[in-house]
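What follows is a set of structures for review.
Here come two complexes built around subunit A, the first alongside subunit B, the second alongside subunit C.
Up next is the complex of A and B:
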């Protein structure tokens, strides 16, 4: 071909290219601007069309299978670490000396905790998404039995004689007691709301169970959470301690002498407008000191400092000499070390009036926090070597176990569990989600109000142009990618918009995420947050008779008298499957005086049983109350013609709703709207 | 036919008047003093699971040969009223819980422990001050409390409340509550309800899905894998928990005040309570008492037995003995032998009328029970607690 011809072809291509490029870029710019609500997000197609893809093949290529160590136990002689690898559904047996992973034992779905019996023969692993406990013969490194539990087994504790296993059911909010001789459930105690942590007192007489969500109460009431006390010998709940103004009490530990129990906790300021963030006073983090004597006090002390917050305290262990407490602050990647004798003297010398001030005193931590030890991303479970010289830290988003010298209080090395080396975009997003580094003074991270990527059950007074208006019930983030718009007022059409500039302006009060980070956190939120199975109300996908009747009511077009129900007043109209939302705004007669005159985004309903309170401002404590107390005008679906039996059937059906992924397990293709 | 004596023929002639009168009395009392209904746990073990101590010999009487055993008689009565610390003299129910005694009153829950009374009201978290029924879960030790404004679980010192608005519970008028394993059953003004404490799910039984005459239910008891519901106008509804099947027992005479044919079913369709123990179902009505051994019904009336009155508010069986709370005193029977406690009208003394086979004797009591209008009762190894409309009474087994 002659050169002139080649030049001509290239020239034509160039002209065509230019003709496509400029308008194409303009269209792309407009598209990206719409999705991100900013005008300078890079025109990077992969931001949305690759990182947030739910196509299984694409997902496989761009993501990785991490272990995500969560909780741990150590053998009596300290030669083995047992690590719960939450995302690998595995218990890993690790040699802490050689740093080698010796065994990987498959357990159930989404394991939570592990305990080892006194003889070191058996390990018990709670499988939070399987509703069971795997019993592992440690000599054989094999699961030898599976014990059925309540819904969402989490924390575990063995009785002093190893005959009973106490299992904290985090979803059904109770404690299963299993007789290990028979493997049968002996009884079930009601616990606080969303309990997780448990610990037996050193004398073996008292079992404590912490809870994460506060007890349901009207907005404006003082927040109260329950610490459940079980008398081990009598097998009775003897006390339900009220912990005021605190929640997310993840874990508890006793001093070896048994004079104190210490719980981790968060003190949210949800009753005041979130403008408090820039005042440095939105969420505070601390510990609860539970005196173990008659009429013992519960004293709350903060781990924070003025202008620096130590977000998301998760686990706590106490050294064998009872001198130091180690607390993992998951949101700031560090371990806070507390001098317990200083705490003892502080609370001993204080008058009751002074003690009351401690829970809000940001400056007092300098009197007992003696060190902050940096860790890898998202430190969760802690365990001490039997001699107390080593502290092992489950660095969940590093796939490593950090090792800390408890004498020098320095991190000395890490045990690599062998997870993928590369950090995917979604993994980076998860790290951001769990880290408060992007909030003013590290006050909170996404996880704080969305524990387990769900919601914290609180109603917040979000700052807006009119202070004190528009109360907001925190919404779950599970599987929300396909349910835009977001926020109760539906103002954010995309997750990009939700977590971009406005997010930093309204909530984090600091610089917004970089676009790379925004891509990452969006990728994680859209692709990485999944519903647990609905094992309590719909384990197999087969509805009960009551649920089937409720489904008929949900989908009905005629009332009990045979009269046609207007289409816009039928449940199914606004709440169609698979997410049970039509993605539109609606008015359901719940607008309060304190609300702007708006309609509300129709919420998705899968696993709705796990999201009390209900309605945009959380006024309904239960699903029933949506209609018995707040549906008198039949604006939230026609319901007043129903009998009590029918309402029960309807509620029963609503509780059965579960994620589409469980309805279509065989389906390989997911449709993302992004 | 014993019952069809002259008096009954007279009653038959007066039937329309009597029925309307008694029914209206019943309704009025029910509306004004809803605590007439009480809790029943037929299979609650009483010291080693039987009535040890309820006989003079102290021997166990869990077998069915109780007719050879002496009748348990209680004396040394001690009465408690507001003067002693009760929040109200109107006591609706009583339940012995280990070392303490729980009393439901018009003005709250009263707990007697270590010689002192302590009261809990709606200020402490109760859904309503009218406490009409109490049962204790054998499994967890939690106390379940039926009130006129909802159900409450009292555990670890805190009240968790269930109402018809915040839960699937049928109705806030909880006349009776019992614990049956992990299930809690209630008899309410809107049907019977079953609450599974494991799944947290309510199931409601009314005339829509059970062989009831109407949703109003007053009493409920459990035993041998069955639930026995006292349904207003519907006799007894038996529910087999394993098969989830119902069957009903009604009076072939319907709501006639007299039994035209004796021992053909419950003595009346308007039932006020059921209780089950030792394979025997006992059913109370405002028109007499019935027993059912699985094959045969038998009726008991004030004119042909030791029963204090046909107007029975509540029954509770412990082993072979059933305690019958009526408007004219408390009766105890095993079906053959009887003891009835009555208070004198003009003073605090009274008597125990003992019928042992064909022998009858009256045993003076000083003091006696505090009032003849009995609404609730509970028995332990050697004590009997009685809820009356003038406080509660505690009697000791006489040796």
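Up next is the complex of A and C:
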């Protein structure tokens, strides 16, 4: 009796299970197919519902806190390495001999660079997301002062006498000079667009500041980026060198003799139809040789080879004997070693006509690149030991410092910083994001066009139908997880679709991501990319009077004459908080003749101040131009009735918009590092 | 009683399980670690690049397997049922082998696949014409050369791909060249020996193209008059190796290495100091090579180990006084090349070609013609012109060309005088979009980042006598 009852229950359960399983599986299949735009993605619920979860508890469980070493400095006698652990908001003090982490000193948010004074007493750490510099007493291993800076302090340089600190403000695009005796700001210079790297010449007279974004210009104009030259003794900008057809000039180094300065750079092909990857058709990477003499030339040389690209050059250091330059190629996990004498002889013998072709010649690198040294994931900052015998490499996504013998040019060791051993799904996603292994011949990675997971400020000819049509302004990836659909035309409903098969067909042109990797990169994009605080326009969450007036205009329902504005022509209708997008498509009257007939995905507006140019094809250089030049028919919100002051207020308000996490600090999400 | 019955049932189930495991493990014997090669008796006759005779169609050749670790073991004949068999290629999982073979003397050469676990053979693709030099492509497809005797394009062997069951046959080359001895690079592209046959015969070169036939480009050009012979092999350290001869014997030559990263300018002759003749090489996981070699004194090729770093011959791996030993391949798993996505869309009848500046010549290239100032280009077909097209002031030109049609381009000045060209044969696959920097000599030049005038307007349709190519609507990406 009992057995038969059990059997009956079991049988019912089995039948119910079958009844649920087959239709359930069918529904699940349909759901996954819709989300991924393919029909064979594994039916794995955790792909979406766990790895991309923003629930604080789940996020804490599945993620881990990494250090992510970024930049470094070394003590004068070489017995200490100072490592900026960017995601741990820490300066780590490391003994390079024993490989031990001796100290972890808490600094500000998202530290960028560190410099040590000549006496080895103080370290200065720029905190890019705090708008300040931490002053650290190295004997006490303690922050003893905090110096206020411009927005997004990044590269640092001390004057030769250690009395002045030059701070490159990457967000406000200027350079702050701080008198270290008083701690007061002495001067501020305008620099290039999104400057970061800086280096003082060996004679202590000239300071160079590199910039990452190109200067804003209409699509079709030659790309130009600024290299700012500062006379250190007078603290004046003496020259703004224009580096043509290049951008993302991350860092710079001088030869010890001071005859050359060498910058890392990227030469994009955004004006060329993106119809192929072969033959350097999308991106090339190189160095800029800045001759330090009267009428000195700036000569660009590629680091790439005809069938191999050395993506995302980041840092550069030059050996004390001036013979070798070491360049970290973050996107391909290697260090390129350049023989500087070969560069000297190459450029000495070249006519101006020939020099010009070097910058587009993939074969020329064989004359000066003498070695490619493999490193761990995402090599960033470099520093040489004082005797030049060791090169230390910050392997950002490895939580390690690689050690390279500069004579044998072999990696001889790794210093483990003690980060988590396990590689979480999102961390794997970040590694993929920063690595060009999933692009044909490693020509570019996600990070190349989305530096800092943001956007590079360029408009690309994506050649989606015909060449020369459908120009595309690169969009930021910050906090986009909750703002589907994606792409300007909103054609991709999910990140899975965005980065799936079609992505590999039209962009990377190599084998698509495996589904495990697609899950990983999606998890990272959805959960791991955050906005920096908007300290420039909204540091405290308290709007200025102008911004408040602008907010009223943004939310208004009547125009200046008191007439009701149709609901679909009010700013707030299509751009409601918290992301300031209604996630819908719209027509705003900015379709170009060269565009196919499409509507536009309503973009999110947080931190919009940091994303010029504007509109889908980048035609508006400023927010104001959206209405003054390209909104004359009032199709992009009614704005033509506004006075100039009102428009200023509206723009002020737009610039104040910031991520929801900063608006609701009490409900701040668990902020794992990735 | 019930207990006994249950125990008995359990025992029976376990026995059946063990029995199944036992027999399934005996299903076939793995050939991992073996070396498979082609052997044949006698001299190879002087070959012909057009017909492939007799270089790619060796009569009465056999594919055999040897165990290099056990030289005392007899050679295992794998293709006993065939009149002649050649060109073995091992799958990425080392579980099967493709080869080309004739069943009987006058049969056409066909593509076959052998399961290396159970030695079963199946014909992959059936054709009345010769099909040779098969190679595995990632994604369950294969690549091979096929001669089309009804061809009007004046081609020799063209490249084809199909599924492993012979379905979905696709021709992927469309110019008057002949293609032989193809293999697949790790980046997923096909590298193949290619020789122009029309309007004149040119030296063979190595071409690379995507498996769908798009983005065909020059990979390597040998010394003038040299003959490329063997299937191309990629080593684990980024080198490409093959044999090249400065004569036209087609039976052997020097072992050449070029770097994958820069193949056009990194040629190294690995065997310049060794007298004798080398046949097809094969890279081993150890970093060394297996290579066929015949000393000046020997009558036949034997299989040797070769150290490419020291450029020296090692020990003999296999030798048979009666047979030449060629095309050795190791039966071992190897990395699958990348499976490249395809932009080909057979609903589209044309491809797009953009040239940034037809007047661009690289000043580093010694053979550059003097500064050009062409205002037009002429697009030449096989038998007739396809039209003359004005070039924009910046030298750019943008064409929409009927797909799978070979053409060449020559530049013309405003007086109608031909300035340069015609260049090499090009074809565009349906929906292919392709760019070139200019009509220059050096393929290491990348485009300048500038907006070209020609792409601001619709492309010029080629042939120019038709006003429109009927296309399906392409969805916007």
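One rule holds for everything that comes next: the second predicted complex is superposed on the first by the 662 of 674 C-alpha atoms of A that agree within 3 Å, B and C clash if a C-alpha of one lies under 4 Å from a C-alpha of the other, contacts with A are read in each partner's own complex, and residues count from 1 in each chain.
Keep this in mind: contacts are C-beta pairs under 8 Å (C-beta built on N, C-alpha and C of every residue); 3 or more make two chains touch, one makes a residue touch a chain.
Keep in mind that what you see is a predicted model, and the values were worked out from it rather than measured.
Under the clash rule set out above, the superposition-derived model of subunit A with subunit B and subunit C shows the two partners fitting side by side. Look at A:629: by the touch rule set out above, it reaches subunit B but stays clear of subunit C.
Shared-chain residue A:357: touches subunit C; no touch with subunit B. By the touch criterion defined above, A:509 reaches subunit C but does not reach subunit B. Judged by the touch definition given at the top, the superposed model places A:621 against subunit B, while subunit C stays out of reach. Taking the C-alpha centre of subunit A as the vertex, the lines to the centres of subunit B and subunit C open to an angle of 130 degrees, rounded to the nearest 10. Using the contact criterion defined above for the overlaid structures, shared-chain residue A:234 touches subunit B, although it does not reach subunit C. Of the two partner chains placed around the shared chain by superposition, subunit B is the only one that A:536 touches, whereas subunit C remains out of contact. Taking subunit A as the reference, the larger set of touched residues comes from C, when subunit B and subunit C are compared. Aligning both complexes on chain A leaves subunit B and subunit C separated at their closest CA atoms by 21 Å. Shared contact residues on subunit A (touching subunit B in one structure, subunit C in the other): none found. Residues of subunit C that touch subunit A in their complex: 138, 187-188, 215, 217, 260-266, 338-343, 352, 354, 356, 362-364, 398, 433-437, 442-452, 455-459, 474, 476-477. On the subunit B side of its complex with subunit A, the touching residues are 139-142, 153, 155-158, 160, 164-168, 170-171, 182, 190-191, 197-204, 206, 208-209.
By the touch criterion given at the top, residues 219-220, 222-223, 245, 267-273, 275-276, 278-281, 284, 302, 305-308, 351, 353-354, 357, 360-364, 366, 440-441, 461-468, 470, 489, 491, 501-502, 504-506, 509-512, 594, 596, 598 of subunit A touch subunit C in their complex.
In the complex of the two chains, the subunit A residues touching subunit B come out as 150, 172, 174, 187-190, 226, 228-229, 234-240, 242, 536-537, 546, 621-622, 624-625, 628-629, 643-645, 647-648, 651-652.
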